[in-house]
Each structure stands twice: as C-alpha cells, then as structure tokens.
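Look for subunit A in each of the two complexes below; its partner is subunit B in the first and subunit C in the second.
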Partner chain A sequence: MTARESFPRLLLAEWTKLRSVSRWAITLLGAAALTVGLSYLAASGNKTDINAHPNFVTGPRGEPVADDFYFVHQQVTGDTTLTVRVASLTHEPDRDAADMGSGQMTKLDDPSPFAQPAAGIMIKDGTRPGSSYASVMLTAAQGVHMQWDFHADRKGSTSSGARWLRLVRSGNTITGYESADGVAWQKIGTATPKNLPSTVEIGFYVSSPGAVYTSRGGGGSSVGERPTSAQAAFDNVQLASGGTWHGESIGDAGRLSEKGGDRGSGRVTEANGAYTVVGTGKVGPQPPDDDMVEAALIGVIAGLMALIAVGVLFATSEYRRGMIRTTFAATPRRGRVLAAKAIVLGTTSFLVGLVGAVGSFVLAVPILRKQGFTAPAFPEPSLLDGSVLRALLLTAAFMAGVAVVGLGIGVLLRRSAAAITITIVLVLGPLIVGMILPGTSPKWLMYTTLAGGMATQRAKPPTITLAEPWAMIGPWAGIGVVAAWVALALGFAWWQLRRRDA
Partner chain B sequence: MEPTIEVRALHKRYRTTVAVDGLSFTVRAGEVTGFVGPNGAGKSTTMRLILGLDAADEGEALVNGRPYRSLRTPLTHVGALLDASALHPGRRARDHLLWLAHSNGIGKRRVSEVLDQVGLTSAARRRAGGFSLGMQQRLGIAAALLGDPPVLMFDEPVNGLDPDGIVWIRGLMRSLAAEGRAVLVSSHLMGELEDTADHLIAIGRGRLIADTSVAKLLAAASKDRVEVTTAQRAEATTALANAGATVTVTGPETVVVEGLPGDRVSALLTGAAIPFSELRRHRASLEEAYMDLTRGAVEFAPETGAPATDGSVR
Partner chain C sequence: MNAPRALRAVRAEWTKLRTLPSTGWLILLTIATTVGLGLAITGSLDYTHCDTPCTLDTTKLSLAGVRLGQVGILVLAVLTATAEYSTRTIQPTLMAVPRRFLVVLGKLGVLAVLGTAAGILAVAGSLAAGRGVLPGNGFTAAHGFPAPSLADDLTRRAAIGTVLYIGLITLFGAGLGLLLRDTAGALTTALALLYGSPIVATFVSDPKWQHRIHRFSPMDAGLAIQSTRNLAAEHIGPWAGIGVLSVYAAAAVVSGLVVFQLRDAR
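Moving on, here comes the complex of A and B:
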C-alpha cells in the first residue's frame, strides 16, 4: 500500500465530507439563491428622486459636483499667465455649532482637500456652475494644492502663510506653480481640463465649504448644512492682458447672497491694487452618500444566515453521532483537521458568496436604474470598477469569514442550535444596536464585532451621515474585523480540540 | 517488527469515575485476542486511549511500538471499529469510505475493494443513515480494513449482526489473524468469542483479571471432570458420591462428576451394575471458564481489593 499523508489530501477528505451531504450542498446553493433573490426584491422597493431635486450640479464628466465660490475674474483668450500673492486667508470660526440641536448633531469632519476653505487662482470655462476648471490654492489647513475638474488634486507645499501662486496656460495644458517670494517658483502639477475653449475666465477666488451636521440613530439619519465664509487678501496681481476685474458669486453662493443673508454673501473690495475677497461655498465632488453597490447587495444578509448554518453543521455534525472519533482516528493531528475544515468551508463559502454578490449586482443594478439611481447622482457602476470589484470580493470574503466563525463556534459548543443562534446574534445583534445608537457611538461596535463586516458592501468612502452603522467604517477595516474574529474563533476551537477528549 | 498493541500501566479517570486503573497487556500478531469484561469494565475506554482519542492520565499505549498520535497514516497501521453509528447519516456509504481514504492518502480503488470484501457493493450508493445496524457494522469494518492495517481493533463487532453475519465476522477475524495480523476483539458476552479467540484479556472495573491463552483456560476449567449419561441417575449419583466424588446434576440423564478420574468412574458404575450410555471428559464452555475465572472478581470484589486471579492461568 502506498499511502501518503499530505495536507492537500486532508483538504480533499474534508471537501469530500462537505460535498457528500446533499442537504449541505442544497443549502450552499440556497445561500447564493437567497442572496440574489432578496437583493432583487429589495431593489424593486428602493426608489430615489435625487436627480429631480439635486443638491449638486453636473460636472464636466457628468458627475455630481459642488461649484460654489466667489470669483473675481476677467475674460482671456489664448495662452496666458496669472500671478497673485495670497497675503492672508482667514475663515470664520463655526460660532453657531451649539444651535444645531444641543449635542444631538455631529459635525462632519471631511478631510478631503476639496472640503477646505481656500483662496486661490483659477482658469474656468465660463462662469456656469459645473464647468471645467483648473486652480491652485492656499488652503486653511492643508497647505497649497492644485485641482481641476472637481476630481483631480495635486499636493503642493504645506505652507500656511502668505504664498505666491501662478497658473500658466499653454494650449490645452495648465501648469500650476507656487513661490514663497515671487522669485523662486516650484511647479505643483500639470492639468488638462476636459473642456477648455480658447476664451476662458481667469481670476482669483475664495471658497469656504459649509459646515455639515448629521444626526443619526433610532434607525434613521438626517443631514444639515450651514454656510461658512472665508476672507482672503490678494496683492501683486499680474495678468499679461490686464483688463478689468469683475467680482461674482458662482453657483449656490450667488443664490444665497441674493436672498440677502449676511452669511454666504461674497464680495470684493480693492485698495491700491490689493483686493480683499469674501467667499462661501465648495468647489469639489458632491456625490450622494447612498451607495448603489451597497443597495444592490441587501440580500447578502439572507445568504449569510444559510452559510452560517452550513458552517456550524460542518463542525457539529462531527459530534452528533461521534463521527469526530472516526475523523481523529484517521488524522490524529487535530489542528490540521481544523485547518483543513476551515480552508474547505472558507473557500466554498467565498465562491458561494461571490456568486451571490455578483448575481445580486447584475440583477439588482438594472432595477435600481429604473427607479432613479441614474446619472448624474449615480453614475452607472461597472462590474470592472475597482471599487465595485473590491466591494463584491470583500463581501464574499466577509460571508466566508462569518461561515468559518460559525465553524469555530460549532467546534466549541458541539451543539447545532446553540452555535447557529450565537453566530447569527454576533452578526445581527450589533447591527440592530448600531442602528438605534445615536451619532458616531456605534463606530466602535463596528470596529469590534462581526457586524463591521457589512462595511465590505460599500463601494463609496465611509460616512457618518447614513442610518446604517457599518457605513461609518471602511471596507478594509470591516474585513479586518472579520479576520480577527476568524482567528479568535479558530484559536479557541484549536485550543479546545487539543485539550478535550474526542 | 511484529505488529502489536502494547498497553502499559494505563490510567484514565473521568471526573469521579476511574475507568481504567493500571491496565497492562500486549496483543500479539497472528492471534485473535478477546477483550472481555462486563459492561462498564473499561473496554471501550481502553480502545479510545489506544487510538489517542482520549488522553491517558498515566501510562502509555503503543501501536507497533509507537504512540498512535505520532502515526501519520494511522489507518495503514491500525484499523478500528469503535462505534458503527459514528458516521453522518446523510452521507453515502462509498463517500464515507472515500473521505477516510483521502485523509490517509489511500487510493480510490481500495474503497471498492473493501466494500466488496464486506458485501456492501450493492449498497455503496445508499445513505448510511438508512442502513440496518448490521449493515452499519459491515461499513465500520470496511473502514477498519481500508488501510490494509497489520493491527485491527473491533469493539463489540457482533452487535446487531444476523446469524449469517456472525459467522462471517468470525471467519473474517480468523483469516485476518491467519494472515499474521494482531486482532483485538472486545465483547461483554464470552460466548461470542467461543471458537474465535486464541487469547483472552479479561478486565473488570478497569483492572486486569486474566491474560491467558484460551486453550489453557479451557483445560484448567475442564480438569478432572467427567460427564456421565445414564438412565439411573439417582443410583449413579449415590454410588459416585459414596466414593468421594462431587456430583452435579446437569440434565435429566446427565451428571458431572468431579474428583474421580474417568476410569475409576467407569469401574465404580460397572461394579454397581448401573448401566450408562456415555462417559466422556467434560469440556467446559468458554462461558463457564470465564465465570470460574471472574467469580468474585467482578461483582463481589471489594473496591480496593487486588484482582482475584487463578495462579494457574495468570
């Protein structure tokens, strides 16, 4: 007899066990079907009218953007160079924070370089909100940046004091520079905005994104925004063609000032070639926080329940009639048996989860598109987008991880009903508690419990503005939490298997 | 090296119960060794300790000179049937053997061979949960034979088998021993081992009571006894008792005479003109021998007393 022991053989043995109980095979198929089915049904009931009542304008690439600021500009045709010195930038502290609901509201701290008060210079395709542009700016807290078309950002120096800025147009190429003294210049970056006609508006501007407050908990969420303003002093303004400067509020900043409120009203005053500009508003991407990929994956929670059942039974069935003795008599090294079981179950569950997630995406996205999830608020997601692929793969990994946690708990408890219940509660419990808890308090629940794995379903960055608590953490943090639970459950199971009589 | 099972000073305690209490014995190659004792004597525990399923508190059990847990392909060293129902009821018989074969790197062809050997080929595609106890025993035996091991252990293999099955399994164990393998078979019924076991290990309360060859045990139990068949039972009893023999009535026309050699019995009866149709040496059954051996050792032994053993068989 040429019997040889090897770990792949052990994997094959555990795979044979898993596939040869037809009830499990049916449940695994059912997990994928449940995921796809519930996602499809839930999509039919999910509507949005955000495109009919937008809180954004459409940018040059068809995406939702904010384009609100105070612009002091003039028209220029052909190649040109604009140089200014930003002498100072101050922004109004958020005095009225207490007004926003006595501590119930949480102020959103958006670290994006598009969300900073800024004073800078800009070349723009006219003054229509959402049109192409390129700019260099001094921000209040993040130094110098060059940005264009609401998505591209290049970091310059971290200078916070007075700074010289320069934009040079040469054909379709805009180059940004900065300088401490107006003599020695450093290049920041080169931009080719999407639509830049030969005649453009050029000038200097001030923006100051509104303070966003959010209240969530009790199963719902709300968001409020209060405008803020910033003031900057510009001098040493040098433009080759030298026409007349004209100050104008762009976008919502304009509408706000027309209403006559003092906040948000922009203005410019000139004295001896130095300009003082007050501006309000944000120039940058403005996507809705709702995530279409996440909305297409609602059924994952149903498929997860079926996978938990298989994961637990894969362990507890060994104990129900003493088969664990047959197993350990065949392979006395118990840790290897546990590892083989975890790998076989994890791989199978991952594939089932991936079929469920991809199936959900493919079937639910067309339904969602019929119900308002369309551009510009929701550009069509493609299966091959990096963020979509990441969401689908990590969601499958999340499902596999939870199934393996079920396996570990099954080994520990040796009872199917108790182990299934506990594993389900470990996922759903924190989810429900997190929905109810107010503000950002559930964040730590998401960082520590299996419910955090739900974050894998999001293709968009984390946010605290949504009712679902898992949106507060990123997908990698979510899968990290699940991985930690897998390690914990398998570690305890291994320790118990070693010290217990079979 | 000769295939063996060696048990040395094995102790195992479960909470308050001492299951195995200083047990030592050796199972040799080429023999069927019966492992007997009443229910709860510690037979199954000892087998679990040999297989490394339970950890011994003291002592050690070696298979072919090595602890079971150090074996990498244990199914090729020891085949064991502990509990025939220890399988997943939803799994087909063939798949049950297939995962076992994979785990020890045994080829698929061997699965078909052992199914054939135990007569389950036609039931290979049926779920094991639907099997009768006898069929489950056959499947368990197939699993034990899978790795063609030189050492085999069967815990109560006759349970649930029909008469044909009992004859089959006795033949199987004899032929396995004849091939030079070491075979350990447990039973709580001595009669089951009649004509099967070459050697006996008897335990009670986790301790060794006897470790003897079956031939010696039977000889010892049968010594100086003569069985007489006669129509005049009462007269024969009187005549023999008067001559100093112990006479036990065992049937309407039979008595067993102890204390007199066969030729003296024949002479006495002939002298007293008592006709007898048969006179032969009494052959004790294994059951009787075992009862002789363990009388007082099992049921009536004090908790702390040393095992009562017959010096002639120990």
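Moving on, here comes the complex of A and C:
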C-alpha cells in the first residue's frame, strides 16, 4: 500500500479513536451544550436602556446617528445649484490625553471620514436632526468628501487648502463637485438621499466632532467627550435664488447653547459677502460599541474548556496507556499521525464549535431583544448577515484552533494535568490580566496570546471603549493569532515526536 | 503498629505524597508564582502616578499573586485524588485500608496541611515582598501607606483569609478529583469555575447579574477578604465570601466522598 493511499485510513483510525471513547464523545457533545447553555443563561443578564436615551437621534434608515453642526441655510424649492469657496478651515488643536475628573483618559482616534472637523455645503430635508441630507465638504485632514444619509461616503481630492465646492440638485439626485479655481470642476459622486421633498434646506455648514476620551481597565470602562469647535471662512457664495441666509445650530449643539453653555455654541458673521462660521458637533453614524452578536456568544468560553480537555487527552491518553507505541508501529511516520490527529480533532471541534455558536445565536438573540437590545440602536442581526456569519464561523474556527493547540501541548508535555492547565491559562490568563490592565496596553497581549481569538466573536469593528480587551483587535487579527499558535504548537510537537522515543 | 487506624491512613497518604517529586515542585510553584506575581504587581505601582487621594489597596495588590499561584496547589490536590485511578494503584490502596472513609480522610488531612503550609509561606513571602518594594515606590507612611503589617486588623484578616483560601481550594480540587476520578475532567471543571466566572461577569452588562456572578464565583467571593480599603466596593463580605468558597469545597468533598463510598474502584 502506498503512503498516499494510507493517509485516509490513518484519518479513519484517528476518527475511530476519538469517536469510540465514550467520555470524549460525551465531552464533545457537552462542549456544544455548555456553549449554548451558558450563552442562553447569560443573555438574560445583559440589559441595555440605550434606546431610552433622551439625546438619541435616528437617521432616515432608522439607524442611530449623530447630527450636530452649525448650518447657515435657506429654503429652496425644486432643482437648484449652490456653489461656495471654503477659504479656510481651522480647528482646535488635539490634546492626546485629558483629565476628565477621574484619572487620565486616552484620546480615541477615529479615522472615519465622518469623524473629521469639516466645512462644506449641504442639502437637507429640513432642520430636524436625523433627516436625510447630502453634502460636500472639506475635512481637516482627509481632503474633500461627499457624504449622504449618515452612511454613504465618496472620497474626492486630498486637497487641504482653499477649495470650491458645488452641489447640484436635479430631481431626486444630488451631484457633488469640487474645484481648485472655480473654473475647472471635478465630479465627486452622485447621491440619492432617502427623503428628498421638493422644498429643502440648502446652505453651508461647519461641524467638529467632540474629542472622545476613554479610560478602561480594572474590569470596567468609561467614555467621556469634550466638545470641540472648528471655524471656517466661506466666500463666493452663489445660489440661483437669492434668499436670506439664516444661521442655526442643529441637534445637540443647539440644545447645549440653549442651556446657556458657551461650549458647543456656533455662530456666523458676515462681511462683504464673506461668511465666517463657527460650528461644533458630528454628522455621521453613531452606533453603540456594544456588540449583540458578541453578547450572544458568552458561552463559548465554557465550551472552550471542554474542547481543551478533549484536545489534550487525544494526545496524552495514548502516552498514558502506552497506545502510542502501537500507533507508531502501525504508522512509523510520526508526522503523519500528528497531522491525522490534528485534522480529525480540528474538524470535529470546528463542527462542535459551529453548533455551539449557531445554537447560542439562535437562542440568545431573542432573549437579548427582550432585554432592550432592539432597534434603532441594535437592529435585529440576521444569521445571514455577512458580519454575523463571519463571527459564527470564525468563532468555531477559534474553538477548533484552541483544541488543536491543546493537542500539540499534550504531545509536547505528555501529561494531562500539566497540558490542560497550561492551555487553559494560555487562554484565560491574558483575558483576566487584559481586563485589569488600563488603557490600550492589553492590545499587545491580544496580538500575541490565544486570548486574542476571542476577537472572532465580534461582528462590529474594533474599539478601545469597552472593558473586554479582545474588542481592541479585529476578528481576522484574532484568528491569525490562533493560527500562528496552532502552527507553533504543531511544529514543536512534530519536532519533539521525531526526536524523542515514544 | 498500634497506632490508630486513622493515623496510619494519614501516614500512608503522607508517604505517597512525600515520595513523589512532583509534590515538592508543585508546592514550590505555588509559593514562587504567588510571591513572584505579587512582587511584579507591587513593583509596577508608582505613587506619583496615582490619583489624589490615592485609594490603592496595597495589601490586596501584594496578595494578588494567589490568583495565579493557586493553580499549583490545585493541580496537586486533583492529582492526589485522581492519579491512583490512572495508575491503578487505587486497588492496592483500598486493600491496605478497606475503610474508604479513612482513605479519604487521610488524603484530605495531608492535603489540608500541605495546602495551609504552602499558603502560609506564600502569604508571608508576598507580604514581605510588598513591605520591601512598596516604600521605594512612594507608598510610605507619610503618604498614608504604612508598611503592611499583621498588627493591623484588616491586613491580618486579609493574610489569614488568603491562607484559608488556599486551604479551601486544595480541598475543592481533591473533592472534584474524587468525584470525577479523572484528572482532565476535574482540572478543567475547577479552572473553568475559578477563571471562567469572572470573565463571564465582565461580558454581562446588567450590573445586578454582574454582582450575582461575582458573589457566587469561588475565586471572587473567596478573595473578597483580601480587601483592606473601600470594603463597600466588594460584592460580598469577607467572611461570607470565605463561606461561599467553603460551600463549594464542602459540596465537592461530600459528593466526592459519597461517590467514592458507593462506586467500585477500577
């Protein structure tokens, strides 16, 4: 029999070993049951009242948004064209850290084009916060952008100096242009905002998102925001119908100034057709950082423990019973035995993990919805959403990877007690330390240890505003770390298998 | 050999444990990890980076190494109960001492003494390390941080409580080992209960549930007694916390004993 033919037989042999030890079979089923069970129980311990928040603004698609800026506008009916030149845009210098009363906090750098100080022109469905809009703007650090309805963004030139901007409305579409000299125009994009009545508000505006500071560690996290303001000079304002311009703070910015606070108050001054506008606030998506998919997968931590035990025992029990000598007599090429074990264990654990993850999602999401995780802040996640599928599949891969690392460590140490303890500590230790460590320092722990795999459970982008350290890295980075550990553990195990007597 | 049978059983178990090289290493590991991690934590503190007023609980932080160090004694306790099953020496053991209650008593007695002894050394080492390092980092009596001393009621309570904690963890591990007769199962269960529950608590966002999980998780409840400042921030009272851990240990030991009495050894 050639070696090529014998590998499937080897796989079958290892599968038979895994399947026929009743204690392991029960533990594997138990891993799925533990995952689903703990997720189900813990879901009722999650509660949010975010939808009851008084400052909550929803966009045209029902999603949570921020819509705060200073708007100098007038009413226009029908097709129209607005052209302005943004002569300058200045904003407050950033401070890296701030003392917000309870210790030092780190500034959160948000690279999103929606989180930049900006001066631009806008067509908006009235002045109600959250209403449909399309805008073209010069940002402080990311050049020119066209945006609409709090989610769409088209990048224009990277120009940072004075820039001519133009919005053209024609029926239900709005086209954005930019120009360096007001003569040669480049098109940026075409928008079709969701609600665009025939009479709209049109004008120029300044926004400046608040500086967000976060402090985490010691098992908790807190977020604080300091309003910032930006100032821009507009000239060469050209609108076909010449009405009068009216300056107004939209959204939170308006509420703050009504209360008499000078922070957050915007203003406009006019001199010889040139306008100087000071504005504050953010126009863009504002989803909560909490992740419903992650919250539905709490049980994974329990399932992992069971899988680690099976993974380690799949290796060590052969040594304890002297079986390994028989195994190697049957298949002298030890690397192939290790490969077969890893494939069988990895595949089985992946399926167990997938059952656990999907089961958790299906059972825990309805409970979370009862606990306040509902639209608009938390739109109902569907099993078929790209990000949900990714989270569930990568979580199963994470669980399989950890089981295979357990196998590798089991081969290396040959002792169940030591191998199980080390593997569990490798997963749980960095999580606990990472929760206690302050600031962004646990990031490196997540990039280097198996605990980073927990990042696979998140369907939302990474953030440093949460207590859980694995939220700091992305899911692909997390599974990459796990893959590196699998390679490392199997590599060492293979090297030791060849070197040592059985 | 006219010594009472119980004493002979204890002596037999002591001989078994004493002659295993791993016993010494695991106890050394417990002490070294506890003291070492405590030293690393206290060494990294700096008074100048602390808020004013500085509310750090230096005693609690000096003793925090036990959170990792307990793994050594836990492995020892589990192995003491389960290793005889994997090597089949449980049969000669039961032939020599047919009264199973005495066998368990012997194992638990020896383990309790070893665990407590390791606990005393680990706590003494951690506090001494804290005393040595903390003043150099600005935590001086002038700043409101007198050196941790057993003359202080709260520090003494924290020290005694930590020793008790290690002793109870030892019994908990041995009980689980007897109950499950399987090293892997018992260790996995114990580690998941100890380390998994605090992680689940941070996952959960409802403060009421967080509070409940912290109250009833063996490690968080059992180590609440280490607190010497801001006691109200703990989720459970010091002795009530030790009580919770005692319930875990007692449940494991009693069910382990019942199962051991009823089941055939194999």
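The definition used in the following text is that the second predicted complex is superposed on the first by the 484 of 502 C-alpha atoms of A that agree within 3 Å, B and C clash if a C-alpha of one lies under 4 Å from a C-alpha of the other, contacts with A are read in each partner's own complex, and residues count from 1 in each chain.
Keep in mind that, in the parts below, contacts are C-beta pairs under 8 Å (C-beta built on N, C-alpha and C of every residue); 3 or more make two chains touch, one makes a residue touch a chain.
Every value quoted in this text rests on a predicted model; they were computed, and no experiment measured them.
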item	value
Fit or clash between subunit C and subunit B when superposed on subunit A	fit
Which superposed partner A:Phe328 touches (first subunit B, second subunit C, both, neither)	first
Which of subunit B and subunit C A:Lys370 touches, first, second, both or neither	neither
Cα-centre angle that subunit B and subunit C span when viewed from subunit A, reported as a multiple of 10 degrees	50
Partner chain in contact with A:Ile424 - subunit B first, subunit C second, else both or neither	second
Which of subunit B and subunit C A:Arg23 touches, first, second, both or neither	both
Partner chain in contact with A:Ala42 - subunit B first, subunit C second, else both or neither	second
Touched partner set for A:Glu14, first subunit B, second subunit C, both or neither	first
Subunit B versus subunit C as contact partner of A:Ser6, first or second or both or neither	first
When both partners are placed on the shared chain, which of subunit B and subunit C touches more of subunit A	C
Closest approach of subunit C to subunit B (Cα atoms, Å)	10
Shared subunit A surface residues [contacts with subunit B and with subunit C]	23
Touch list for subunit C against partner subunit A, complex	51, 67-68, 71, 75, 78-79, 86, 182-185, 187-188, 191-192, 195-196, 198-200, 202-206, 208-210, 212-213
Contact footprint of subunit A on subunit B as seen in their complex	48, 51-55, 68-76, 80, 82-83, 85-92, 95-96, 98-100, 102-107, 110, 143, 147-148
Footprint of subunit B on subunit A - complex, ascending	1-6, 9-10, 12-14, 16-17, 20-23, 317, 321-323, 325-333, 501-502
List of subunit A residues in touch with subunit C within their complex	23, 27, 38, 42, 44-48, 102-103, 219, 290, 294-295, 298, 301-302, 305-306, 308-309, 312-313, 320, 371, 416-418, 420-421, 424-425, 428-429, 431-432, 435, 467-468
